[in-house]
Structure formats: structure tokens, C-alpha cells
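Take a look at the structures listed below.
Each of the next two complexes has chain A plus one more chain, namely chain B in the first and chain C in the second.
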Partner chain A sequence: MHSIYNFVSGPLAWLAFILFIGGCLYRLISLMVLVHRKEKFIYSYMSLKYSLRSIFRWSTPFATENMRRHPALTIVAFAFHICLILTPLFLLAHVTLIEESWNLSWWTLPEGLAEIMTLIVVAACVFFLVRRLVNPEVRYVTSVSDYILLAIVAAPFITGFLVYYQWFGYQTLLILHILSGEVMLVAIPFTRLSHMLFAPLTRAYMGSEFGGVRHARDW
Partner chain B sequence: MTEAAVKEEKKITDEGLEVGVQNLTAERIQKVINRVLKGESGARLKAYVDTCVHCGLCSEACHYYLSHDKDPQYSPVGKVKQTLWKMLKARGNVSADFIKRASEIASTECNACKRCAMYCPFGIDIAYMMLTVRRICHLLGVTPLYIQDTAHSHAVTMNQMWIKDDEWIDTLQWQEEEAQAEIPTLRIPLEREGADIMYSVIGPEPKFQAQLLYQAAVIMDVAGVDWTMPATPGWDNSDMAMYTGDNEIMGRVKRAHFETAARLRVNRIVMGECGHAFRSVYDMGNRWLGWRMPPIPIVHAIDFYYELIQNKKITITEKFKEPVTLHDPCNVIRGGGLAEKARYVVNAICEELIEMHPNREHNYCCCAGGGVINCGPPYKMTRMDGNRIKAEQLFAAKSRGAKILIAPCHNCHSGLEDINHHYGLGYEIKFISDILYEVMDKPA
Partner chain C sequence: MMMKWLKLILIAPALVGIILLPAFSQEDMEVVDDGGFSKKQRPPAIFRHDEHNEKAEIEDCNECHHVYEEGKKLEDESSEDQICSECHDEKGSGNTPGLRKAFHTNCKGCHLEQNKGPIMCGTCHVR
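Now for the complex of A and B:
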């Protein structure tokens, strides 16, 4: 058990981070190369002002027509993404690990809050799952990969929660938790989770087109 | 005894598609799909396909989806799934029947109005993906017959309606003579080099809406505009090749148009009340030719009327009495930002504007644009069934008192005329120029 733990928290963690960061860079750079090679004109339409206008507008809850049409989804989606990103970064247990290894540390979330945020992520995943199963327009475009992605995202939070309470099989769960976190990291650049990288770019391009050329709102 | 009412599954027969698919082989399909998806397309298509998280949030943007009781097959992403996703997944290894259906979806079940681009949280341009599908179908020779005929007309005559060079000049001189009965000094100046403005129209105006040329001539004359029209091919700003995916012909047609304006050394091109032509000269055609923005400034009729009224070049005798409602055409409102100027003009010439809802960028499409009405009679019911939501929207405006429907775009105009009759809405549909001509001060 100990050797598995050492493996997943050691070499495998390094590998996951290298694949995550390297993969993200690879995806972004190869997209830029593609733009440069075939659609250079895109650069000439990009406008910082309208890119930011669009990104800011779509990062503000209920600032767009479609968000107002789907209030529940809007709340869930915002809460989900905020908690998804902040919880692992500012979790006491994670920061403590980093501190022990590298003597680096930063502000952490109160434990009770982190717990709630974890539950929000899990609950949001359930919401997305139900939405996929129940809404005909979502179900129609859902493939197996969409369920797998949802599971990949939910797994680190479910296992993390169980580890925190040390309910059963602490060692096994901890290993599963680390593993699932690593899977998620690696999945980000190589699956549709890459919208983390690309959404700001597509948003910026559409914002620039609408603002600079079409002189119209894109929300 | 009466038979039970069975809703018959309408089978559309389109010769362009039927004959087109007979010439397909598996190798050819695969080669063309890969040529377009791997060769011609680039980062945009890749980012759009990879970024889409299949959330379905674009659905409610689409009038086809809303009009078909939220049938997911008609949602924007649903149409991408049925076409592009399958092509990508199968690496181009799809059947001839698949191509036929893909052509039908992309050409007649999407107006490329880009409303969905405003509903996608990531700003994915689904219309662009549908146009990419049309491009594939074009290269495979599987395009609906009527619009293909129009594209042929562009290729042969540089105009949309097979109008011969002398017929064009003849029509202008005929309208000039007609208008001289009203204003004896009026001219439609042909080939006047160095004029400030070249006025351009779409093929259907000389073909069967010559009164629009008359009205434009009167407006120009009264406003004292320094204008001209070309007597050569290149006068037509319309472009159905843009909508069939025949980018090469689109480029030829646009080049002829811009070069004609350059030859006449005009400062600006003013165009009539047409939406798709605006898209072609302002968005797609110019880009294909390598111009970031049009090489010669393009002024849409709405913008031009705004300028004339604001500068008091045109004054209004008495405003139009009957309450009007205004349809916002996608290509000039969502595509050209003329929403407020359109309202300025309509309020300047009409007593009462009753807004339909939603409006401006969020207005529902006419279901005729994007080349769909140009796919001809086989698809009329596709347009009628596919835009019940428009009828409901128009009916609501009517119930609040609107009598006249202003549609400052040719495709919208014709499409809404069909909706109006099919759903028995009882509107009278007008261009802005119909009303402007009627209410403006003219020499006695």
C-alpha cells in the first residue's frame, strides 16, 4: 500500500503535472501555429477592447440573455466553476503538502467552507448529469464521452470528501483521490475539458467580430 | 366515413440533390470532406469542435428548434451533430445519402443568421460550421437545384437573375422615364466617373421590383446626391454563391463589383435594402478577396437614409399614419449594427413604431435568408413549418396594434410575405423606401 502511495504521489504526480502543463502549452501553441499557417487574418480582427468586453460580460452572472433564460443553470454553472478551481488551490491539506515539500505556502480556505465548496462541485455534477439525462436537447447531443468527462471531474471531489472524513479505507481512498486528481489534470488539455483553454479564445474572437466588425452585442 | 387524419411525412424531392448523389463515390466523398476539413479549414473549426461541451444552450436561439416544439434535431448543435461531427468521426467515410441529408440540413434548415452565436457561452460560430458543410456539399455537387441555378447565373452573367447586359440598362432607362413623369429633370446617371456614390442593387430589383429603382432614383434626386449606376456587369451586389459554398464564384462576383466601383472612381458604394448582399460585400466576399474591410466603403440603405434624414437632405411632409412594426434583418443588425439607425429612420417617417419582441440583435430570423428561400419551391413548407415562432412574434405585435410590417431586406421581405400568407397574419409588408418615398417632401 505504501509503495503504491509513494508512486502515485511521487513520480505519477510529476508526470501528471508535466502532461497537464505541457499538454496545455502544446494545445495552445499548436492552435496558434494553425492560425498562423492558415487563418492569419484572425489576428487582424482581434481587438483587446472587444475581447475583454465579451469575456467580462460572459463572466458576469445573468449579464447575458441566455443566462437569464436559465437561472438555475447559471447559478449552478458559476458556483461549480468557482468552487472547482478555488477548492483544490486553497485547500489546507493541499497547501500543507506543498509546504512540507517545498516550504511554500499561501492563504487557505477555512475547512468548513472548503467542505461546502466540495459538496457544491459534486452537487453541480449531479445537476449536470440529470440535465444530460432529462433535457431532450442536451441528451440528443450527449455521447458516452460526456458522462466520462463528468465522472472524471466529480471523482477527485467525491474521493477528497471521503478522505477528509476518513470514513473507510483511508489509505485506498487517498490513493484513489490522488489518482483521480491526476486523471483530471491530464484530461484537461486532451479532452473537451480543454474549453478551459479555448473558451477564452473563442469568446475573444467572437467578441472582436461582434464589437469591431458587426458593431453589435454578442450577448 | 372519413379517414383518420394522418400527418403525412412530407418527402421533399430536389433534383439537385437526387442527381447530385448519383455521381458520388465513397472515395470522392472522403477526398472532398478531408480537403475541406483538413485542408481548407483551420484553427477556427478545430477550436469550435474541440471546445463545444455539448451543453445544448444554443438550442433556444434557433427559430427552427422553437418552431418544431423544441425538437432537438433542429437545435444548432443538433444540426452540427448530424453533419460535421459524423463527418469528423468517420474521417469522411460517410454515405451518399448522408451527404444528401447533410446538404438539406445545412442549406435549408439553417439560415446562417448567427443568432446562436449569441447564445453559446463560448461564442462558437455554428453558422460558420453549417457553411463549411455547404462548402463540402458544393464541392461534391450536391446543392439544392434552385440555388445552384442562381449560382450559375452569377457565374455566367455576374448577376443573380440571368439579366442580360442590355436589359439592365434598358430597365434603368425605363424607370428613369417613368420617374420623369413625376420629376421631369430626374436622371439615373449611368457610368458617371468620379461621382460620390455608386448605387448598387440586387438582381431581383430590375427583374421584378423595378419600382424600387424608381423610388431610389427619386430619393437620390430630391436629396441632391452625386450618384451613378454602372452600365456594365458588376452592378449586382447580391451573391448566392456565398451561400452555396462556391467561394470561387463569390470571389469573382465581388471582385467585379468592387472593380466596377473603382473604375467609376466613386467614394462610396450605397446599396439598397438587402441583407445578404451586405454580408457578401461587408463580411464574406471582401474577406475571401483578402480585404479586411471592404476596399470601398459600403453604406447600407438604412445607414444612407439615416444620413439623408439627419442632414436634412430629405424632409418629411407628413409622417406615415398607420402603426408599423420593424423586423431586424440578421445581416445588417446582428451583422452591421444598424439597429438604432433603423429605429431613427422609422421614427422619422412613421407616426408610431410598435416593437416586436424580441428585437434588435435578438430578433427571430425570417427563415428565408442564408439562401434558404433561394432553394426554391420544394422547401417552402420547410420555411413555413420552421418559423411558426416568427408568426407568433408578428401576431403579438399585431395584437398590440401594428398594421404594417417593415422589412428592410429583400430575403426577409419575401420570406415574411410567405409567413404572412401562410399563417394569415394580415400584415402589409413594406420596405423603408416604400414609406420614405411616400412621405418625403418632393418638388410639386
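Now for the complex of A and C:
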């Protein structure tokens, strides 16, 4: 068990982070190259002001028309993304491991709060799953890969919760927890989870066009 | 009748003392509970002192109960008369690691080096 743990938390973690960071850079750079080759004209109307306005507006709950039309989805989506990003970054156990390896540490969430935030992520995943199954217009655009992606995102949080309470075979679950986190990291640049990188760019592009070209409101 | 009660009142605390005292001595140590943390966030690490040292074949106290001076371990000094948090406060300063890091380095560090003993969070901090 120890050698598997050492492997997944050592070399495999390095590999996952290299693929994650390298993959993100690769996707961003190839996007820039593509724009440069095919759609150079968008530089003529890209505007920092309208870009930031759009990013800010679409990061504010209930600011846009579509968010107001789907209040439940808006609340769940915002809570989900906030907890998804903050919980792993500020988790006591994660920061402790980084402190042991690199002598770096930072503020951590109280354990009880981290637990609630984990449950919010898992509950939101269930919401998204039910939404895909029940809502006809969402179901129409759903493929198998959407369910797989949802499972990839939910897995580190479900296993993390079980590991925290040390339920059902702690050592095996801890290894699965680390593995599932690594799978998710690698999946970010190479699947539709890449909206983590591209969403601000999409907003900047749309915001610039709606603000500077169409002189329309930023829906 | 009165004497009987008096005896009971005197003997009872003594009995409690006799039963409880060994629980605080090293032989019956079950966990590392230094008391130096202002807020405990995990259960204390399971550690049976004598059983551990017999199994790990540790003879010298200062293998763990070390004394450092200017970044160097003093080979013939040991600190088993002190509690860890006397030197390692929660935050740590300079070359002295904070209490949490000191415990982790002392236990897990050696387990990793020797390739023996628990290294996963919950194998020491058992709920």
C-alpha cells in the first residue's frame, strides 16, 4: 500500500501537474495561433473595457437575463464553482502536505466549513445530473461524455469526503482520492472542462463585439 | 458507622489515583497529545511508545527527543524531560519548525526514510 501511495502522491502527482499546466499553456497558445491565422480582424474591435465589463457582469449572480430566468441553476452553479475551486486550495490536509514538501503554507479553511463546501459540490453534481436527465432541452444536447465529465468532477469530492471520515477502507480510498484528483487535473485542458481557461476569453470576445460593434447590452 | 464512611472517603480518591496514574506514564501512552495546539483539527496520532520503540529497535532517546543548537543536532543531549511544544510553538520560527511540522517531520519523515510505519494522514490520525 505504501509503495502505491508513494507512487500516486509522488511521480504521478508531478506528471499530473506537468500535464495540467503544460496542457493549459498548449491550449491557450494554440488558440492564439489559430486566431492569428484565421481571424486576425477580431483584434480590430477587441476592447479591454468591454472585455472586463462582460467578465465582471457574467461573474455576478443574477446580473444577466438568462441567470434571472433560471434562478435555481444560477444559485447552484455559483455555489458549485466557488466551492469547487476554494475547497481543494485551502484544505488543511492539502496545505499540510505542501508544507511538508516545499515549506510553503497558507491560510486554511476550518474543517467543518470545508466539509460543508465539499457536500455543496457533490450536491451540485447531483443537481446537474438530474437536470441532464429530466430537462428535455438539456437532454437533447447531452452525450455520454457529459456524464463522464460529471463523474470526473464529482469523484475527488466524494472520495475526499469518505477519506475525511475514514469510512470504507481508508487506505484504498485515499489512493483513489489522489488518483481521481489527478485525472481531473489532466482532464481540465483536454476536455470541455477547459472552459476554466476559455470562459474569460469567450466573455471578452462577446463583450467586445456586443459593446464596441453592435452597441447592444451585454445580455 | 462513621469510621466506615470516613475510611471510604479517604480510600476512594487514593484508589482512583492508583488506577489512573499509570495511564499518564510512558508505558501506557496511546497517543501523541502534547497539548500545544490551541485548536485541535485532527484526532491525536496513535502512538504506543514502548511498543513502537521495541518494534523499530530504537535504543537512544534522542532519536526522537532531540536537542538542536544552531541548526545542528547535539548527539549526546536528549530532551525527554521536556514536552515538544516547549521548543516547537504552533507557528515555528527560523530553523525551528512549528509544532505540526515538527511532529510530521519526526514521525512521517523517519517512516519515509526507513520505508516502514504509517505515512498516510488517517493511518496515524485515526478517527
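Keep this in mind: the second predicted complex is superposed on the first by the 219 of 219 C-alpha atoms of A that agree within 3 Å, B and C clash if a C-alpha of one lies under 4 Å from a C-alpha of the other, contacts with A are read in each partner's own complex, and residues count from 1 in each chain.
Keep this in mind: a contact is a pair of C-beta atoms (placed from the backbone, for glycine too) under 8 Å apart; a residue touches a chain by one contact, two chains touch by 3 or more.
Model, not experiment: these values are computed from the prediction.
After superposition on chain A, the partners chain B and chain C are seen to fit next to each other with no clash. Within the superposed three-chain model, A:Gln171 lies in touch with chain C and out of touch with chain B [touch as defined at top]. In the superposition on chain A, A:Lys49 makes contact with neither chain B nor chain C.
In the superposed pair of complexes, A:Ser194 makes contact with chain B only, with no contact to chain C.
By the touch criterion defined above, A:Glu99 lies against chain C but remains apart from chain B after alignment on the C-alpha atoms of chain A. Of the two partner chains placed by the overlay, neither chain B nor chain C lies in contact with A:Arg68. One geometric descriptor of the composite model is the angle centred on chain A: between the Cα centres of chain B and chain C it reads 170 degrees, in steps of 10.
Chain A has more of its residues touched by B than by the other of chain B and chain C. When the two structures are aligned on the shared chain, A:Glu111 is found in touch with chain C, with no touch to chain B. By the document's definition of touching, of the two partners only chain C reaches A:Val163; chain B does not.
After superposing the two complexes on chain A, the shortest C-alpha to C-alpha distance between chain B and chain C comes to 36 Å. On chain A, the surface touched by chain B in one complex and the surface touched by chain C in the other have no residue in common.
Only residues 41-42, 100-101, 104-105, 108, 115, 119-123, 126-127 of chain C touch chain A when the two sit together in their complex.
On the chain B side of its complex with chain A, the touching residues are 41-44, 46-48, 50-57, 59-61, 65, 70, 72-73, 75, 77-78, 81, 117-119, 121-125, 283, 287, 292-293, 333-337, 339, 361-362. Within the complex formed with chain C, the residues of chain A that make contact are 2, 5-6, 92-93, 96, 99-100, 110-111, 163, 165-166, 170-171, 174.
Listed in rising order, the residues of chain A touching chain B in the complex are 31-32, 34-35, 37-39, 41-42, 44-45, 54, 58, 64-66, 69-70, 73, 135-143, 146, 192, 194-195, 198-199, 201-203, 205-207, 210, 213-219.
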